[in-house]
Amino acid sequence: MKRIFVKEEVCIGCRLCEIHCVVEHSKSKNIIKAFKDENPRILPRIFVEEKGKVSFGLQCRHCEEPYCLEACMSGALYKDEKTGAVLHNREQCVGCWMCVMVCPYGVIRRDLNEKKIASKCDLCLGKEIPVCVARCPNEALEYREV
Amino acid sequence: MCIRQCAFEGHSYDPEKNEVISKEDVCVGCHRCVTLCPTNALTIRQTPLDFRANANWTARAIRDIIKQSETGGVLLTGMGNDRPYPIYWDHLLINASQVTNPSIDPLREPMELRTYLGRKPERLELDGNGGNYRPKEPLPPQLKLETPILFSAMSYGAISYNACESLARSAHALGIYYNTGEGGLHPNLYKYGKNTIVQVASGRFGVHKEYLDAAAAIEIKIGQGAKPGIGGHLPGEKVVEDISKTRMIPKGTDALSPAPQHDIYSIEDLRMLIYALKEATQYTKPISVKIAAVHNSAAIASGMVRAGADIIALDGFRGGTGAAPTVIRDNVGIPIELALASVDQRLRDEGIRHQASIVVAGGFRNSADIFKAIALGADAVYIGTSALIAMGCHVCQKCYTGNCNWGIATQDPYLEKRLNPDIATERLINLIHAWSHEIKEMLGGMGINAVESLRGNRLALRGIGLTDTELDILKVLPAGR
Amino acid sequence: MRPTKPWFEKDISGCSLTGFISEDGKRVSGEAIIQSIALMNERSNGLGGGFAGYGIYPEMKDLYAFHLMFDNTLAKEETERILNELLFVELQEKIPTRKTNGIHHPPLLMRYFTKVDENKLFELEISEEDYIVETVMKINARVKGAYVFSSGKNMGTFKAVGFPDDVGKFYRLEEYQGCTWIAHGRFPTNTPGWWGGAHPFTLLDFAVVHNGEISSYGINKRYLEMFGYECTLMTDTEVMAYLFDLLWRRHRLPIEVVCMALASPTWTEIDHYDGTMELAKAVRTVYGSALVNGPFAILLGHKKGLIGLNDRIKLRPLVAARKGNTLYIASEESGIREICPTPEKLWAPKAGEPIMGWLKEEYQSEFELPRTRISDRERSEPVYSVSGVY
Amino acid sequence: MGIVIIGNSASAVGAVEAIRKVDRSLSITIISDEPHSVYSRPLISYLLSGELRPQQIFYRSKNFYEKNRVRSLLGRCAIHVDFKKKAVQLDNDERISYDRLLIATGGKPFLPKIEGLHTPGVYTFTKLEDANRILSILKEVQKAVVIGGGLIGLKAAEALNKRKVEVTVLELADRILSLTMDSTASSILEKALRKEGVHLITSNTVEAILGNGRVESVRLADGKVLNGQLVIVAIGVSPNVEIFKGTPLKVEKGIVVNERMETNIPDVFAAGDVVETYDKILKCYRTIPIWPNAYLQGKVAGYQMSGEEKYRYDGGFMMNSIQVAHIPTISVGLTNPPSEDGFQVMKKFDRGSGIYRKIILKDDLIVGAILAGQIDRAGIMTGLLRDMVNVKGFKKELLNDQFGFVSLPKSLRKERLLNIK
């Protein structure tokens, strides 16, 4: 399946990926509303790690044999048969943080605004190209077959 | 966003007021923030604040004086001459054929831009007979260009590694050449040697056997259009690890190129260096000599050809630079159009035009400029600034600060990353493809299907709004005649 | 008579051409060629016609036959002073003409049979031909109102303003016997025809008739000027004559290599056959400025024979035919059939492929010249064959 | 060819899902003494607290059995296994023969010797019934006593607290979560719980449960008496191996298995809380009754049973994630290292924010970690521990709140980010 990869050599740490991720997953899908009006503001599912000159965006790797899925005792995490994407059912999640504990990439996070609901990348469900990849101004993110 | 993007700290966040404020005085107008702002909230306008109108004491004149009276220093600048001198390209018009001579559709008919740069014999001597003749001796070394465009000398140091890599990769893909400038050749780029012209300049940075052997041709740099008679100065902070290695100078020391080449004080000396380099490379590579277009270029060029130069590179006063004293850039040298016209004519008058190819540089903005240059007599054209613009440069003229927001004229690893070589390479290739296609269209329109029939064909041009003297120098007819 | 224009203007022309050569050297009168060109009057507009015949002065064959036209006696005297100073003039006479409707205000037409003083050559250390060329250039460039329109040995050019058949009549060509003839009917559209502007254009024994337009004239001219040629005749065709003179006579290139320079194969072809096309590559690299670009069909008469050539993508008509020892080349098949109703072979030459006819004895005595072009161009096939066998 | 699974929780589910990845045709039979289709035991505390609606307990799709073509015998108790004849004896005399058997009977609550333990109103807290029963009497309960300050105890206590029941937690040790946390972390949680209104009594325990026909109060070791209408016993679980006593099945503390999850008897596999496996950190065999291991072991067993041999279980380690009183805490591996040398302990505690980070290293390998208050990206730590990555180069970064892949050396970072698990 296709996954998102980062080329840290050309990641400029502009964080546009985070911004567009938030917009994409906001109710209005409008950047101004998403940031000014929509409260609580949702978390980006990609986040840019940065230290000195090094920076890169990171989001769920959608593992073949996901630890998070094995650890999830609420059944909120599941693998989409078709795409193989690891998805998350907010209804079912109880916020036990087992996934947070086991994810070796540390890309599942607690969304404190929406209480307990862990937040993770969904590859922009059904989108041809995830917005973070599409909107990266320097092509530092690529969406390709593993 | 804007705050992180601006290397000149033009934007800052005020926590009290919880808003982003901008400082117009440091803004260089590079458009980085405008381009990246996700909400298109930004635009940049000339600040309306100006001095009382005065034709002589312009704002620029006044500001310069203020700045210099504060610092007591020479004013620096980047890119090419930005003053409103006449641009002769805009006074030359191109011909097209009607009725009596069919124009040619480059998409259907062969349309040839291939160009060979280098010394050519006056006549071809053949061996053999009936059906299989072959040249008595092989031609002198030639540079094969699939389209008559090259990337001008821009040194690693003046521009970032990513920029160099992009130029090298696109030259390789296009079957043309890029020029290392005087910054030496980074080890990773040796693999593009077949498309590399290496420069030997007054600083002799990074010049050694492998460097010369790696290249397709060698260029001796005497002068640069943006700063004729002036040396170069790469400030120490730009001389980072890699650069110091490549240039073979201590890390952090200023890289100073003397104004003259201290082993060239006369034309005989030039001849010696040319032949030294030819010897060093067993006469396998054409040797180019680059000079700034100055008042007596024609005579100098003739001397250079007789001194053994295979390629004459002429750099007009609109040629770019990473850093030059503003007063020099804006006042020294002559337009490339006139220099080219007189050099080409002079070499023909002396019957030695075939002994060297002419490559011109200096502010070429589009395919028409290039087309007109070839019609005036150039074999090919060096483009620098337009290549940078293709890569993302917005001509803010702050190259000398090393804070290039587009990751081109900088060595700051944080800024350098902003230039993704994959993207830049693709954009450069696109630009050259586009221009080549336009040149083909113009050739076809004239009913010509090979660029050699345009080269020096000044009947393809007509002048408009030019004085008789200018027409005479350019050797073109006025429009309508 | 010669328009005194400060600038060159292109001789944009439709034009008809025709020519033939009896390779066995059999000489025929000028009537045939007149007949052939007359048929194609449609292609000309009465603003110029001309002929060149080879082997027409057998009794003077070692002397350079200068044909000149003068606006006035002043020009004539000035020219004769120069001629006498530079050459031995063995014989000088008016060129015989007859009054003809359609030929108006002829200039003074003279011919001078001359030879060169060896001593002069010895002093100047130049070849006889170069000396003649310089003389021609000098007269054409310096003497106002004088124009040398023929300067070869045992050949002559005859041209005027008018329809070609009238021109032929005017010059009484039926009285000349030649083994090679070429003719031209001119269709200039934007230059007032003047006598000198008519084809053929000549230098030494080279005579060129041309249909087409040379878009590369600008550079061809500047290239030739590097070698001392002066293009003074205000028409693009003259560069053809000079290019042949430079490449063939002075640079001693084999004729098909010359043709290769004038109408080179494309780089695609060269790359495709690289190795075998080393020569073509060298030729293009060295002689790029001699590439004649734009549409053209030409006939080149010279002392050894006749050559027909098309531009590299054949934008002008040219047809060739053979019968016995005679090679015919013309703009139109009709022009050939008019004088050779049943050719054994009739074909349309490929772009850039020269058709060459050679006077046998000359051909033997001269360097080996294959009939085939060195280029990879596929051989042209007969488009039509009378009686199907030959 | 038939596979029989005794048990219906994480291991069973892991096994079924693994088998079906390999083979759709194998027949699978699940035997469970509970009448319910697949549900998640850890969720019962959320059911008790009312955070989940009853049907949300069933954490796999309603048609889990149909979808995976599983024959389910629910409410049936396996009372004996005849390993020779390869058959399972059910409480209703039915015999289910198998080709391959997976024992996933899990753990059962450990019951201390306390007088009056069987008084109505005393419950354990591991199964759905437990939760349901407690819920059924909840309205008569004003006060409750939870015996055991471990994970289950605290979740139960918190749930009851949410239900406005006054809860007292009794812990024998001097602090809660003594097994998984260190004293600092424990005190953080104790403080928070008390703030929530939960009473904590440590270094003490119940001696007797009083009341006739109904729980009324408990008497503590120190003689103190606490009133309450509900007592929950949650002092841990032990492997559920009753029915295998006196059979050839090798059982130590739990059933002994190899890394293919095979027992000493051919074609008999075991997984989950009922087995003892290798502890990567303590380097010994022991039971590690935690959900992720149970599922993983079940999965490995499933693959093995359906002939997909490449999957192995090379051991696990203790790890727990618990959020009580809004404080998320994660503890991984060895959290209270024996004082002897060789261990390096790094700590950072910010009283203001209540954020606590503790990393335990041995020979530059992470062997344990505790994060409290701020647990985001704890998984990276777990990953480094799991894969035994040498952290010499970036030790000090480990305590940094901003710790992430950016803190790793480029090569290591690329290796870990680009090779997707």
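Lettered A, B, C and D in written order, each chain numbered from 1.
The criterion applied here is as follows: contacts are C-beta pairs under 8 Å (C-beta built on N, C-alpha and C of every residue); 3 or more make two chains touch, one makes a residue touch a chain.
Predicted model only: the values in this text are computed from it and were never measured.
A comparison of C-alpha centroids places B closest to the centre of the full protein.
We define each chain's centre as the mean of its Cα atoms; on that basis chain A and chain D are separated by 28 Å.
Centroids of chain A and chain C (each the mean of its C-alpha atoms) stand 81 Å apart. Spacing of chain A relative to chain B, judged by their CA centroids, is 45 angstrom. Multi-chain contact residues of chain D (touching two or more other chains): none found. Residue positions of chain A with contacts to 2 or more other chains are absent. Of all possible chain pairs, the ones that touch are A-B, A-D, B-C. Those residues of chain A that touch chain D in the complex are listed here as 3, 5-6, 8, 49-51, 54-56, 58, 61-67, 70-71, 73-75, 91-92, 94-106, 108-110, 116, 146. Against chain A, in their complex, chain D makes its touches with residues 10, 14, 40-43, 46, 51-52, 56, 59-60, 291-292, 295-296, 299, 319-323, 328, 330, 332, 375-380, 382-383, 386-387, 402, 404-407, 410, 413, 416-418, 420-421. Looking at the complex, you find that chain A touches chain B at residues 7, 9-16, 19-20, 31-32, 52-53, 135, 137-140. Remark: chain C residues 7-8, 12-14, 189, 212-213, 215-219, 222-223, 225-227, 250-251, 253-254, 257, 264, 266-268, 278-279, 282-289, 291, 293-295, 312-313, 315, 367-370, 372, 374 touch chain B in the complex. Those residues of chain B that touch chain C in the complex are listed here as 97, 100-102, 104, 109-110, 112, 114, 116, 120-121, 123-124, 126, 129-135, 139, 142, 348, 351, 353-354, 446-450, 452-460, 477, 481.
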